[in-house]
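Each chain carries a letter (A, B and C) given by its place in the written order, and its residues are counted from 1.
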Amino acid sequence: MSLLKLENVTKRFGGLIAVNKVSLEISKGEFVGIVGPNGSGKTTLFNVISGVYFPEEGRVIFDGLDITTLQPYKRAPLGLGRTFQIPRPFASATVRENVAVGAMFGSLSGKVGVDESLEIADQTIERVRLQEHRDKPAGTLTPVEKKLMEIARALAMKPKLLLMDEAMAGMHPNDIDHMVAFIKQVAVEEKIAIVAMVEHIMRAVVGMAEKVIVLHQGSKIVDAPTKEALEDPKVVEVYLGHPPEE
Amino acid sequence: MKKEITKYYPLIPVFAAYLVLFLIGKNISGMWQLVAMLLFYCAMGQAFNIFLGMTGYVDFGYVAFMGVGTYGMALSITNLAHIEGLGIGIIIIGFILALVMSTLLSMAVGAVALRLRGAYFAIATIGVNEGFRFLIEGARIWNGSEGLIFTAQLNQILGREGASSLMTFWADIMVLIIAALAAFVTLFYMRSKIGYALTALREDEDAAKVMGINVTKYKIIAFITSACFAGLVGAASWALKTPYVFPPEVFEIHYTIEAIIIVLLGGAGTLLGPVAGGLIYGISKYYLAIFMPGFQLLVFAPIIIIIIVLFPEGVVGMLKSRTKDSVLARFII
Amino acid sequence: MFLEQLSGNLIQGLVLGAVYGMATMGLSLIFGVLKVVNVGHGAFIMVGAFVTLWLFNALGISPILAVPVAFAVGMGLGFIFYYTTMQRLIKAPELATLLATFSFGIILEELVKLIFGSEFRGYNWVLGKIDIGVTVLPMSKLYACIGSVIIALLLYLWFNKTRTGSAIRSVVEDSEGARVCGVNVGGAYALSFSLGIGLTVTSGVLLTMFIPVGINPYMGGGYTLKAFVIAVLGGLSSPYGAFFGGLVFGFIENGSYTLFALIPGVEPFALTRFLSFMMLLAILLIKPTGLLSTK
């Protein structure tokens, strides 16, 4: 039973085709990496899935529901979570309040009150090890701390599917390994959170993804289990020789 | 249960301030007029803050809601005065009418304006007060540009002495109650899901949407609430203190400007901000008027700019950061 | 007879519209380049009016010569406001720039009131009239119209044929890209802002050529709303759109006045102003990028 299904999704901006007839399927609990060079359409694809854009053609089906033209704020309660390439904290609110927002309006929307959301926030903040910054305004955090908060906020939404957009960019390789292990652990523990990553950084992709989807100029060129995909000549060609780091 | 109560501690400084104002006005002769003016500014600021402070959107046509509220009260008095035995009930009906009318106007304006982002919203609202005023004058609604005068009816309802004490004292008490109520509602919103949603949409509207927040719904809630209080303030502070209403006077953009100054000066989005702003602005204006009449705006307009550039968080905002780790933190928000 | 009157009114409307349009070009320019809405727009028009008034009444200088003076004054004001305030607000939330421009407007109104007092003033520039069949047009209004068209053309030429103009257009398209290509983006912002203010103050001169009475420090307010309607009509970021939007607006305003005057029991002037507000809301609802734009 697929959790997310894209059928021939096409998104155009004027004459530019950013996403070109992309179809894919992601199952519950699956870890998928979406990779591709700059400009290949990864972020646009994410934007279509989260509802920032509506595609000109094709359908987006989430958990059996056609969400193609559903307003973005209605997708979060269905279990669709997202982090952004450049973190978007609610700067003047504290870290705790930021993460609580995720709990309040995510898949638990309508079932939890402010106090419970704050508790969930506290728990999630501890898991990403940001407790000492809990009551600081989010705008005062370092870029890496902001990324961690971004992830915590998305996790607090108790999503079924988590879209992580370039979450590891700018992180030290050791931190990346830690993050990967952490996310994997959380995803398995929460049973239902899937992580669909969009990564330039091969290290993270290899560490986490079971399956890799490669985009090039808006079209999908490869959709296969990780090891296979990364050895596919098309992929190597597209990246001009960036083999996975050992 | 204890936790429930401590949530409302921040109201203590607000109510304390109003209490002090009341005591000063009542006991020191000649001060009531100043106190009344200060209460007006605090109330207007508190109402305006619910929208500007919490959403970050500027409604340049804000005064229209105050004007409409004034008309609500005026219409009630003018049309019901002849009904025997209603007495004070007419005033109460006036408030209800003011509420209804401001709600309707804010729903009408909101339906169009709140779909728009930032700058477009400001543009849409910039004509609201003028537009409504010209509608009244142009279509000769409610006596058009001649306005409504209801001194006689007020005397009829309350008797001369009653009317007089209403205009010079009880109306101001009503303003005080409205200000306190507005503060209570502000805090209630802040502590609830509504407050979190508003903060999120104020900081980053697109991210808020992705987090599952229906931004339009929350904008509407803040907008209508703010408009309702504005209507109540207009009804109490204008209709009940000066028994006449003329369109150009109650739709003057001047009041919106003052509301902006008060909220920014005090600290937009804070609970205490409008109180601080109202007091500082009111007192400064009062004394400026004595020493340098006609100069108020010339002094305050550059101050707005200075605040925006150098102190965007306002007086209470700065106070908050200073007292963050102290005992006072839970009282100052 | 009615048809004659209506068409006469409509021509008057177009002539007025040209001036309205020119008055809005600065607003659209500033929004197009800096994405800032100049909420104090009307106050700058008022400054232009006072420049004209003073030059004429105190120094006997014709309003036509007031145009370059007003332009210089406007550019000066623009540079001052940009470098003291707007420059520091580039990264600030929209609220900040809205309130800043709003406050500029207030400061100007109060300063003018301080210097000139708040009475209504006017000046008398009689040049005779010209009869064009369906209606009679005072020469001063005709000059105002011609002046507006000339300025609009000059702006067009400047944007499209000069290097600086093209640099500014590149900033509108893509400020990062322009920066990378060596365009001084900060300078472009300063220049555009000042140019926009300069245009707006200049339009004050032309507007008084049209209506040389009722000049007072608070006259700007009415024009701000009209300017917004016109700007939104023509597409908020396009100065040319603004010009054509002005023509349409002048057309409608005059026409509606005549029609309202026919309805008994209403005040046509007030209703016309109400109509402009409804137009604004209608356009914002239907096509906020401007009825006349292609976006």
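Methods note: a contact is a pair of C-beta atoms (placed from the backbone, for glycine too) under 8 Å apart; a residue touches a chain by one contact, two chains touch by 3 or more.
All values derive from a computational prediction rather than experimental measurement.
Enquirer: Which of line, ring, star, complete and other names the graph you get from chains that touch?
Expert: Topology of the interface graph: linear, an open chain of contacts.
Enquirer: Report which of A-B and B-C is connected by more C-beta pairs in contact.
Expert: B-C
Enquirer: Let me have the rounded angstrom distance from the C-alpha centre of chain A over to the C-alpha centre of chain C, please.
Expert: 48
Enquirer: Mind checking the centre-to-centre distance between chain A and chain B? Centres are C-alpha means, answer in whole Å.
Expert: So the centroids are 43 Å from each other.
Enquirer: Counting only Cα atoms for the centres, state how far chain B is from chain C in Å.
Expert: 33
Enquirer: Specify, in ascending order, the residues of chain A that touch 2 or more different other chains.
Expert: None at all.
Enquirer: Do you know which chain C residues sit against two or more other chains?
Expert: Residues: none.
Enquirer: Can you check the complex and tell me which residues of chain A touch chain B?
Expert: 50-52, 71-77, 82, 84, 88-93, 97, 100-102, 104-106, 109, 113-114, 153, 157
Enquirer: Within the complex, which stretch of chain B touches chain C?
Expert: Where chain B meets chain C, its residues are 52, 56-58, 60, 112-113, 115-116, 118-120, 122-124, 126-128, 130-131, 134-135, 137-140, 144-145, 253, 257, 260, 264, 294-295, 297-298, 301-302, 304-305, 308-309, 312.
Enquirer: Would you mind writing out the residues of chain B in touch with chain A in their complex?
Expert: Of all residues in chain B, those touching chain A are 191-193, 196-197, 199-200, 203-204, 206-215, 269.
Enquirer: What does chain C use to touch chain B in their complex?
Expert: Checking each residue of chain C against chain B gives 31, 35-37, 39, 85, 88-89, 92-96, 98-100, 102-104, 106-107, 109-111, 113-114, 221-222, 224-225, 228-229, 232, 236, 260, 265-274, 276-278, 280-281, 284-285, 288.
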